[in-house]
Each structure stands twice: as C-alpha cells, then as structure tokens.
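Following this message is one structure expressed as structure tokens.
Chain nomenclature is as follows: A, B, C and D, assigned in order of appearance, with residue numbering initiated at 1 for each chain independently.
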Amino acid sequence: MRFNSQEFLIHAIAKLIQPSNTIAVGVLSPIPGSAALLSQQLSKQRKKKVFILGSNNPKFKTSHGVEIFDLAGQGRIDTFFLSGGQIDGFANVNLTGIGPYPKQHTRWSGAFGSAYLYFLIPQVILFREKHNREVLVESVDFISAPGSSSENTYRTGGPSHLVTNLCVFDFNREEKQFFLRSIHPKHSLEEVLDNTGFNFSYSPNPAITTNPSEAVLNTLRTEVSEEISEIYPEFAKNTWP
Amino acid sequence: MRFNSQEFLIHAIAKLIQPSNTIAVGVLSPIPGSAALLSQQLSKQRKKKVFILGSNNPKFKTSHGVEIFDLAGQGRIDTFFLSGGQIDGFANVNLTGIGPYPKQHTRWSGAFGSAYLYFLIPQVILFREKHNREVLVESVDFISAPGSSSENTYRTGGPSHLVTNLCVFDFNREEKQFFLRSIHPKHSLEEVLDNTGFNFSYSPNPAITTNPSEAVLNTLRTEVSEEISEIYPEFAKNTWP
Amino acid sequence: MIKETSYELAKEIPSGSKIAIFKDSSVPMTLGLNMIKSGITDLEIVTVPTGGLLVDLLIGSGCVTSVETSGVSLGEAGPAPRFTEAIKNGSITIKDSTCPAIYAGLQASEKGNPFMPLRGLLGSDILTHRNDIKEIDNPFSPKEKIVCLPAIKPDFAIFHAPLADRDGNIYVGIRQELRLLAHASANTLVTVEKVTNLNLLSDPKLAPGTIPAFYVGGVAVARGGAKPLNLPHHYDSDFQQITRYAKLAKSEEGFSEWITQNSIENNNANQK
Amino acid sequence: MIKETSYELAKEIPSGSKIAIFKDSSVPMTLGLNMIKSGITDLEIVTVPTGGLLVDLLIGSGCVTSVETSGVSLGEAGPAPRFTEAIKNGSITIKDSTCPAIYAGLQASEKGNPFMPLRGLLGSDILTHRNDIKEIDNPFSPKEKIVCLPAIKPDFAIFHAPLADRDGNIYVGIRQELRLLAHASANTLVTVEKVTNLNLLSDPKLAPGTIPAFYVGGVAVARGGAKPLNLPHHYDSDFQQITRYAKLAKSEEGFSEWITQNSIENNNANQK
C-alpha cells in the first residue's frame, strides 16, 4: 500500500509514543497531533488520554489554559512534542531567534511553553521535518529551553528523540548526545551526516525506519484523519485529499 | 423609639465602618453582617460592596472559597470582623484554645482565616458581646492571629476597634494599646474596668455610644432584617420577632 | 468508572490515605458512612479549609490519625464534639492552619510546585507549631520575611455532586473549589445524585461547571448523599438532625447511638 | 457601568497603562481598534500567555512600548510581521517568557503574593535576560535552585465576551482564564455581543461561567467585537482576512492600508 511522507512520519512518531498513557500536543503540530491520535486508536483498550492545545473538542481540550502546565507539573503527562528554529547536538532548542539579543535579525514567535514543559514531561520528542545544517546546528544561538540541566535543577523530563524527514535519533541523557536510531527508507547515512550540523553517534549499519502497515494506514485515513481535520483542516486536506 | 441590644450593637458597628467601600463578613457573624448591610443601606449612592461568607445569595457571595483571601491580598477589602475566645490588650486573638498545645483542655474550632486576614485588611473590627475577664485577658494563651507585627512583616491591615456589650475601644497601632472610645448607655467606666482583664487608656469622662435613630431602626427592621434573615434565619427571628 | 454502590467506592480508599474534604455543599456523607462501615483507619484528613459533621464522624469512629485544618465546628449547631474530645485526649494529631494556607498548599500541589508563599501567619502560634512551614526572605524585598507553605498532596479528594455522566465527568456548578481538590489530589472519588447519558463537557452551558473525568477515579450514585447536610438546588441542611448530633455526640455513648441509627445498611436502596 | 460605545470604553485607558490580553476566543478587536483611534501610546502589553493579531496591530500602530510574552504569532497564518519588525529595529522592549511563567505571575497577583515559584526556566537564555526573575534555594529541598517570578499586575484586563448583564456581570462560559485576568488586574474593561436584563449570577446554569461585576470597571456592546478572530458558538475566525493581514503587514505601507480599511468609523453602528 502506498503512503505519503506525512503518513510515514505520523507512524514513525506514533511508534515512539506507544508506551505512553497521556500525551499532550502543542499548537501548530498536525503531524505530532496525528501521531498521538493514531497511538490512541491503536491502543483503545488502554484508554490513552490525548490533550491537543487549540482543539475545541471537549475530548481533547483542557478546562483552562494553565491546566496543561499544571498537569505537567503534577507529573500527569507522559509525552509532549517540541520543535525548534534551531536544535543543537545537546538537544537545546531555540524558538526565539538568531543574532544578538534582543534586537535579533531573525526573530521567531517565542519560547511558548518549552522552557517549562521540557523540564517536566518525561518523554519530549523533538520534531522538525526540515533536516539541514541551518536547523540542526552545533550550538543554538539562543537557548529557549535547554536539553539538559545541572544537578541542582529539578528535572523529571527532557528530550527522548528527534524525528526529521531523514531519520530518527534517540537522545542519550547521560552522554548528552544524539544516537542515530533509524534512517528513513531511500535515505542514507551519508545524507544524514551531510545535513546534520552537530555530532552524533551511530552504528555503521543503521536500522531503517519501519513503514506503516496497511492496518495503520487504514486507521490513519479513517479515524485519525477525521479527528485531526477538526483541528487542522488544511493539513488534513493536503494529506488525505 | 425603643430598640434591643442587637440593634444597638449593629448600629454601633455600622458607624465604625461607614467610610469603607468593601466590607467582608466571616461565618457565624450575624451582628457584624447586619452592620455591613445597614452601612450599605445607609450609603446607597456610594455602591458599597458587601461579601458575606456562607451566604448563597449571589449579591453577597464570592465565586470561589479562596476568593475572599485573594481579594484581601489584592487590597480590595477595606473592612473585616474577627472575634476571639480570648482577646488581649495587644489585640492578639485566640480562636484556638487554652492550655498546653496541642492537648488543650479548652479547644475551640480553630483560627479560620484570621491568621491571614488580620494582616491584610486595613480595618479589622474585633467583636465579642461577652465582655468579661475570661474573654478580655491580659495575654492570650495562644496567638491565633497577632494584633501587631515586627517591621520585617508585610502588614497592611490590623485591628481598628473592639466592640463589646459594654463599650467601644479604638486600637492604637503605634502604642499597641486599646483606648476607650465610648461606653454604651446605662454602663459605667467602673463596670468596664472591672470586667476588662487588660490595661487600656481612657479619658476620665468617656463618651457615650450613640443610640440608633428612628430612621436607622426603620432601615434595620425592613431591608436589613429581610436580607440577613436569608443567611441567619434564627438570629433574625430572635432580633425582630 | 461508575461503581455499583458507594460502599464499593469507599473500599477504593486504603487505610492510611490522606483525604481532602471540602467544607460545605458537597460533603460526601453517604460515602463517609460507608468508609466507616468498611473499617478504614489511619486517615489523614485535610479540611478545605474547614471541617464539620463528616470530619467529626470519622474522628469519632476512630478512622482518623491526623487533621490539617483551619477549624472544625458544626457551624450554628456549635462545636464539633468528637474533634474537641480527640484533641483533648491526644488521640489525633492536629495540624492547625489558616484558611488561605490550606488553599495555597493545595494550589501548590495543583501546579506541581513544591511550595507557595503567603503573607500572614508570622508571629502566630500556628506558625510556632508548624515545623513543616518555612520562613524565607522575600527575594523581591529582602527585608521582608515571608512564609512558604509546603504543597498539600492528598491521595484522594472525595465529594458529593449533583450529576455525573457515563464517562465520569462531574458537574459541580458553582462549586469551583472542587476543581482545585481534584487537581491537587492524586485521585478523586465522587458520589452523585444521578448519572446522565449526556456528555457534560459537550454542553456549553454545563461545561464551565464540569470537572473532566481525567481526574476522576470512580463515581457512584448516592441519592441524598450529602444529607443531613445540604446540596444547593437539591436539598437544604437538616438543622434539627445536626443539632441532635451535636447533643448526642458530646458523649461516646450518644455518638454510638447516632452512628447506629444512621449507619449504612447494605440493603438500603436510597443510600447505596 | 454600561458605556454607550466601545470608543468611550477605549478612552478609559490612559497611555502608559499595562494591559493584559488573553490569547484567543475573546480578543477585543473592536476595542483595540478604538484604542488605536484614540491615539493611545506607551502601552505595556502582557500576552496571556501568547499574542496574535491584536498585539501585532497595536505594535504596528505605535501604541506599544513593551511586550511581556511567551510568543507572538498569527498562528496558522504565520509570523506576526509588526512584532517581528519591532524587535529587529528595537522599537519595543521585549520581555521573553514562557507560558506557565506568565500564568504564574498573574496568579501571584491574583493572590496578592509578591511572587510565585516555578520549576523550569533554569539554564535557559530567557532567564539570562530577565533580571526581574529571581533564583532561590528551594526552602524544602535546599540543593535545588528554583525560580521565583514576580507578580504581574496589569492596570487593565481587556477582553470580548458573549454577554453582560446590566449590573456588569460578564458571562465568559468555558473561558475561565478571563477570570484570572480580571482578578490579577486592577481594572477590567469588557466588550460584549449583547447585554441582558437577566442577572447572570442568579441563574445557576450561567453563574459558573460568570465573572462578577465587582472586578469590572466598564462594559460596552460591540457586535462582532472579536472579528476577524473567533468567538466560540458565535462566529469562526476569518482565516482569509487574517492571511491577508499577514501578507499586507509585512510592509509598513501594507499595514497602513489594512488599518485604513479596518479602522473604526464613528458612525459604524455595527462596530460602535
């Protein structure tokens, strides 16, 4: 069965979050959002909870804007997603901008909840489709949220993986380094090395990211596409025209 | 026009709180509650706000149990009332009990909000009908809420007056002492001195507490009695049979 | 999610649990009587922020080891006799507090914060006897001392509400305080007057007064489950009954008499 | 309490005020355009916790001197062009924050607390550039550093809501965040779709979603007052209009064009 790149990435992420019971998804995150919904569909007997910020569906929304942060603080959220204008080899995330602060020549929206949630949600998956040396840098220009913390910082959460259009990395928190978990089909280790601005560890023969099965694709194209289209109609239209 | 002792005390308190814009009344306080309502009736053009804890009338209740404390913290409450199992000459209040703590031989309910509100509401009126040496003591056995604080304590509020069935005291915050403001008609300075366990200052010819006017009594017996009877039906029945 | 009986719900609570109980209009009397029946012991009660009849009943029944409270009384019916007696004879540990401090401790827990600062308390004997409360210099005004209250993290919030739906969403209406209890507690168990097939969160008029099922570990129907206390828009307090309790419970014998008369029978359909 | 026009309401806000604006579903667009029309300047904006179209409009119109925010963007329509430009050329002061820190600052103000502790932030460059945020030793775990956020005390909360009553009570439904804005701010000004003669607090179904008039300094009717943004159960966002803004506002000329086309006319009954 054929599938498109969005479907592939949704499935790749859904596999990573399968063990988790409570998943929160930030704003403007259609692929992580779809992955959370897919993961929920694939484990219906477990009654997984998914919170999607920006959804008006009572099934997915919280009662108060502060609630998602409170839930994270209480330890009730297992998984969250972050992106970054820049992401570096220490899993530091820059959502703020580039250039001398504050008059940065490139300015993005801002840190949103990252400078809190990254500390408190056990599994934070970094997701950025665009895999190149502008995004994946040796060292970010501005740390909106740090990938690791010193011992005197209360930190129950942090980066677990980085997913791009080329590959999946694991993040090793002890060594503060990414490890290449798998390369997507049709891409090569060379391509990943060429396009990554930071050092990472890898085995000489990396695994290949699994393709979605027919059953998964069916679920995606029915239940998931219906649910996500309420929140991201444009995305749903483009992905499942 | 004749009146009863409750009406007299309600009026005495209402006079003290006349300048205040926002008055809060704690639980089990029918006389202060009536005084707040009377004060509101007597200054209708000023749109005085009265909060009465325990009332289910939306006019008088807050939206949340914590709100009255938040409002006090924000500085939005001008006046509040406290009572005490014991009250001493420094305006310390004991709502907790008598005897070695914690196994006190006399145990009252507890401090309720006093250990916070006493610090933050500018005008706190102490009210206790029973004026004797058991209640008005030299020094309380347990400070549920202190009448004054050291310089390193944030304190925008505190005791302003003490009203009993015999008299009205002002509290002088600088000197940390009560001053006899007025004695109720038919009572004497001697009686007050005999029945007070703490030292207070007074003039040799103390003023006499004013009686309620006919207009005031009319307001009390119509609007106020009606409003307070929703909250304290037994009190209203006894006061205005 | 929906249990058959409130006794079944009561049995979800292990002895030794820390329990949050809100002061009024939602007191789970039937559930509490079922907890007594289940033989529960060593409860740590947190009253939010004060306590009354149910707390006195649990103490009198020997279910309680400690109470954190701003005050326990029967309101207009007078002092809480079993509470007072337990303090005098030292059979429970008392953690005296003040209303906003209890709220602040729960709000700290709601945020997952280790503590919450609060004005007040300094110079009171409440603070003297609470070694778990810390004083620090206000970092924004270093000449000022300020109190930091540790987060209060109950194992269970228990309350009675008018309505639940099949999913376990709970309608509490204007009793928004119950939301704080649910957020701050690890688990929330609720008795309700009835269960509706409607989804409460899907109705825009009911959603603002609804606690999502995410926080709720179990629900049981208990008609009249707050009696003899009140449930607004459903029934008023039975002042006579409470006054009768206040008199009887002055002695252990009288208390036992009241408990026997009011204990939960397995086959009492109205209080199941 | 009820003003004749939202322009009159806008004029209640002096230049130099600190203003809290909630992120969505309640953005007072008509009021904001009236503020621009009134020639207001030197506003300190606090976005709760993020900002969008209205913040970009106020910045582009030269009304703003500083923004405390967790992020400003036009959502799916892309970056906020006037915000981005103002940062680059240094015409506004930016106080970068993170969502829960903005909430915590407001919650501190709501409680009348000087600060609120919060996990996170340590080791971020956000903290590096925020000298007003303090680090202390957690008094309950002294080896842990924890951040203390100063209370955020806006002079005004402004928002748009579906309904007010004659007394100035405001129905916000599930937008409970607006309650926090009202509590934390010294004054609250609200535009509404309509005013009802009913008392909102007296209706037990509406009371849980109602902010009491006590917090509200002024109300004006502004039909469609959140457009082109949405008001749930009333109207959806006009994505085309927002996209058009996103494109035009990339240049100052385009921005002026949009403003001219959308400015408030005195005699425009629909937007009065």
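Convention: contacts are C-beta pairs under 8 Å (C-beta built on N, C-alpha and C of every residue); 3 or more make two chains touch, one makes a residue touch a chain.
Fair warning: this is a prediction, and the values are worked out from it, not measured in the lab.
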Key: Pair sharing more residue contacts (C-beta pairs) when B-C is set against B-D   = B-C
Key: Inter-centroid spacing, chain D versus chain A (mean Cα positions, whole Å)   = 29
Inquiry  = From the mean C-alpha coordinate of chain B to that of chain D, what's the distance rounded to whole Å?
reply    = 40
Task = Compute the distance, rounded to whole Å, between the mean C-alpha positions of chain C and chain D.
result = 37
Task = Would you mind listing the residues of chain D that make contact with two or more other chains?
result = 107, 111-114, 118-119, 138, 141, 144, 146, 174, 176, 207, 232
Ask   = Got the chain B residues that touch at least 2 other chains?
value = 63, 69-70, 73, 120, 154
Task = Classify the chain contact graph as line, ring, star, complete or other.
result = other
Message = According to the definition already given, which pairs of chains are in contact?
response = A-C, A-D, B-C, B-D, C-D
Inquiry  = Going by the contact rule set out above, which residues of chain D touch chain C in the complex?
reply    = 104, 107, 111-119, 134, 136, 138-141, 144, 146, 148, 150, 173-174, 176, 204-209, 232-233
Request  = Note which residues of chain A are touching chain C in the complex, please.
outcome  = 49, 58-59, 62-63, 67, 69-70, 72-76, 120, 154
Note = The residues of chain C that touch chain B in their complex are 22-23, 48-50, 69-73, 75-76, 79-80, 83-84, 87-90, 93-94, 96-101, 103, 107, 118-127, 129, 138, 141, 143-146, 174, 176-177, 180, 232
Key: Contact set on chain B toward chain C in their complex   = 27-28, 56, 63-66, 69-70, 73, 95-97, 101-105, 107-120, 142-146, 149-154, 234
Query = Can you list the chain D residues touching chain B in their complex?
reply = 109-114, 179, 183, 199, 201-202, 207, 210-212, 214
